[in-house]
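Here come two complexes built around chain A, the first alongside chain B, the second alongside chain C.
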Partner chain A sequence: MKKFGTLVWLEHRRNWLWSLPLMGSLLFWAWGIKQVLVMDVGERLGIRAGLLAGAMTIGTVILIMMIGRIRSETRNGQYQVLLMSPPSGYTHILARFTYAAGVAFAYFIAIGFMFWWIFELAGISFDTGSLFELILAMPFYGMSVVVLPILAYVLLLMVFVSAYRISGKGWIPGVVMLLGTPIAMQWLSDWMVDILWKLPSWNVFERVPAAVFERFSQADIEATFMTATNEGGYSGIPIEPMLVMLALTAVLLVIAGRIWQEVEA
Partner chain B sequence: MLARLENVTKRYVKNEGLRDLTLDFPAGEVVGMLGLNGSGKSTLLKLMAGLLCPTSGHIDVFGGRPRTNRSQIVFLGETDVLWPWMTPKDAEKFMRNLYDDFDAVRFTELLDALEVPRRKTKTMSKGERGRLRLAMALARNAKLYLLDEPLAGIDLISRERILSSIVSEWHTDETIILSTHEVAEAEGLFERAIFLREGRLALDVSAESLREGGKSVVDTFKEVLS
Partner chain C sequence: MTQAFLIVVRILVVGLFLFWGYRLYRGTCSWTSRVVGLFFSAVLIWQATVGTWILNG
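Entry: the complex of A and B
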């Protein structure tokens, strides 16, 4: 545990210059949200939510860049120090992943709070349970489905390319992996569609539609929710994508950890 | 036998690092790994450290593959590998928590002996960083030390400090393999000298037998490799 903690500390010392601006950027997004002053409440809410979706995307890209710094370390020779250290490849990979995932989770929790804030600005109040779902459950769900597999994939890609840096032309395995990924993802998404709703769903935001109806009682959004209700009602979100992508993340990390042992430096 | 290389060849994409090399390394030797640039010294040390895999042949260190025993080997590479934010205190934390054989007291003594300033490495000179790296390496209680050009690009005073630290820290059950171009300065350390030329073994000789024959390691270096 001491070794793992030290590697996470090392990640922090290497990357805090990236993670701090990431957190600081939230102030910029908050400022942007504050600037949106249009007459229609629904439109105002839509633009602000769009801004936050942009913030989530940019945050993910920065996280990927943060984790992708392995290449420069390979050139600088710092990789040698880590490869020679006693912790296993799995521990090294997990430490990198843990730090990046921790920063991502903090970032997306903050985004969750900002969503709460813009809903409040639109006059939609969340009860405690829904607020908890908005700032913890949804970031966890979104990260599990999108961000964590991407982080694990980037780690695997970097280690994979580094492992074949000397003994082969580095771009060949990289290109093979990049070309193979869309095919694998296509197969995975087809399979996920097949198994969707097979397990009990996760009933987050059950009480939120009531708050929305209350605020937008005369707006079109009511009709949207009414249609959804008529078609069977809101029945939560499917947990299959989350479970599949968490399993995929674990598999990618295990492969990356194993390849670490074979990396040349 | 501490380490053994048997018919080891290492081929890179465009060139060959080592060719059909067979060597034995018993415990408790200070070995000079000598050769001109590109002779395969660094490749050999990296292969022994488990940082490279041989293209063919077999390497045995501590009775197994170097990769499985990487953590028992001290490897000091020729590149400047310290993170710029790192201070000697950070380096101590890093080494103490990761390496069970790291001696923090010995590290502090080495920092003092090598006169390493207690500030971030990005504000240190190349010689100061080299001395810090050496202190990190020698503060471990390992049996095999692979030191790749620890004297390269370092001023005369620092080189003397580094060499005297290697001498004072060496224990008779430890093997040190040191590659260097500063043959004249380091030759007093060597019990054995291995000369490599274009990836092949040119000469493997004990320093004592050279001295008995009235030759120095420097003379032999010029004779064998010129």
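Entry: the complex of A and C
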């Protein structure tokens, strides 16, 4: 545990120039939200939500760039110098992923708060339960389905490419993996569609304020959150994509850790 | 483009992916990397052959 904590601290030392500006960029987005002065309340809320969607996309790209900076470290071998007993490859991978995932959680929870803020500015108030769902449940769901698997994938990609650095063919593993991934993802998504709604759904936003539906149509909200409806009623979001992508994240991390173990041992 | 041209292109592409798979197998001492490399090479070969035919059919 001490090794793991040390590695996470090292990750912070290596990456704070990325993570702190990422968190600071939220101030820029908050300033941008205040600059939206369209008269129509619904349109203003839509533009502000679009800005936050941009913040989520750009934040994800920055996190990918941050976690992908692996080659400089493996060349220097700084961990072996700093620690008395070199930790396993799994610990390295887990520490790197934990730091990036922690920064991502903080970032997306802050985005959740900003969504609450723009809803308040539009005169839509959430009760305590819905507020927690907005700032905790939805960031967790979105990160589990999209961000965490991407971070684990980038980690595996970089470790996989690094495994060939001695033979000097770094571009071949990179190209093969990048070309093959969309095909493999298509198979995975086809399978996910087949198993969708087999398990009980996650009933978030059951007590969502009626004002939300006044601003946006029911169809828009269902399209956004992939919700199931029972005769026009709301019955939550599917839990299968979250479970599948969390399992995929774990598998990618184990493979990356195994490769690190084999290459660096 | 004629069917014969497409078949030749497909054979060349499969050959390239097979060569890449070979390089990925020989280029590392890590067995897990070899498995990952062969998996993605196989995915590409499958897409260039069976997968494409399914799409065309």
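Going forward, the second predicted complex is superposed on the first by the 228 of 265 C-alpha atoms of A that agree within 3 Å, B and C clash if a C-alpha of one lies under 4 Å from a C-alpha of the other, contacts with A are read in each partner's own complex, and residues count from 1 in each chain.
As a working rule, a residue touches a chain if its C-beta (ideal position, glycine included) is under 8 Å from a C-beta of that chain, and two chains touch if they have at least 3 such contacts.
Computed from a predicted model, the values in this text were never measured in an experiment.
Trainee: Could you tell me if A:57 is touching chain B, chain C, both of them or neither one (first, second, both, neither)?
Mentor: neither
Trainee: For A:177 in the superposed arrangement: first (chain B), second (chain C), both or neither?
Mentor: A:177 sits against chain C, while chain B stays out of touch.
Trainee: Which partner chains sit in contact with A:35 here, chain B, chain C, both or neither? Use first/second/both/neither.
Mentor: In the superposition, A:35 touches no partner, neither chain B nor chain C.
Trainee: Could you say whether A:87 touches chain B, chain C, both of them, or neither, answering first, second, both or neither?
Mentor: first
Trainee: For A:255 in the superposed arrangement: first (chain B), second (chain C), both or neither?
Mentor: In the superposed model, A:255 contacts chain C only, not chain B.
Trainee: Examine A:125 and indicate which partner it touches, taking first as chain B and second as chain C; both and neither are also allowed.
Mentor: neither
Trainee: For A:203, select first, second, both or neither according to whether it touches chain B, chain C, the two together, or no partner.
Mentor: neither
Trainee: So in the superposed three-chain picture, is A:235 touching just chain B, just chain C, both, or none of them (first/second/both/neither)?
Mentor: neither
Trainee: Of all the chain A residues, which ones make contact with chain B and with chain C?
Mentor: The overlap between the chain B and chain C interfaces on chain A comprises residues 166-167, 169, 262.
Trainee: Sort out for me which residues of chain C touch chain A in the complex.
Mentor: Checking each residue of chain C against chain A gives 17, 20-21, 23-24, 26-33, 36-37, 39-41, 43-44, 46-47, 51.
Trainee: Considering the complex alone, what residue numbers of chain A touch chain B?
Mentor: 2-3, 5-7, 9-10, 13-14, 76-78, 80-81, 83-87, 166-169, 261-262, 264-265
Trainee: Along chain A, where are the residues that touch chain C in the complex?
Mentor: Residues 156, 160, 163-164, 166-167, 169, 172-173, 175-177, 179-181, 183-184, 255, 258-259, 262-263.
Trainee: Would you mind writing out the residues of chain B in touch with chain A in their complex?
Mentor: Of all residues in chain B, those touching chain A are 12-13, 46, 49-53, 67, 70-71, 73, 75, 77, 79-83, 85-86, 90, 93-94, 97-100.
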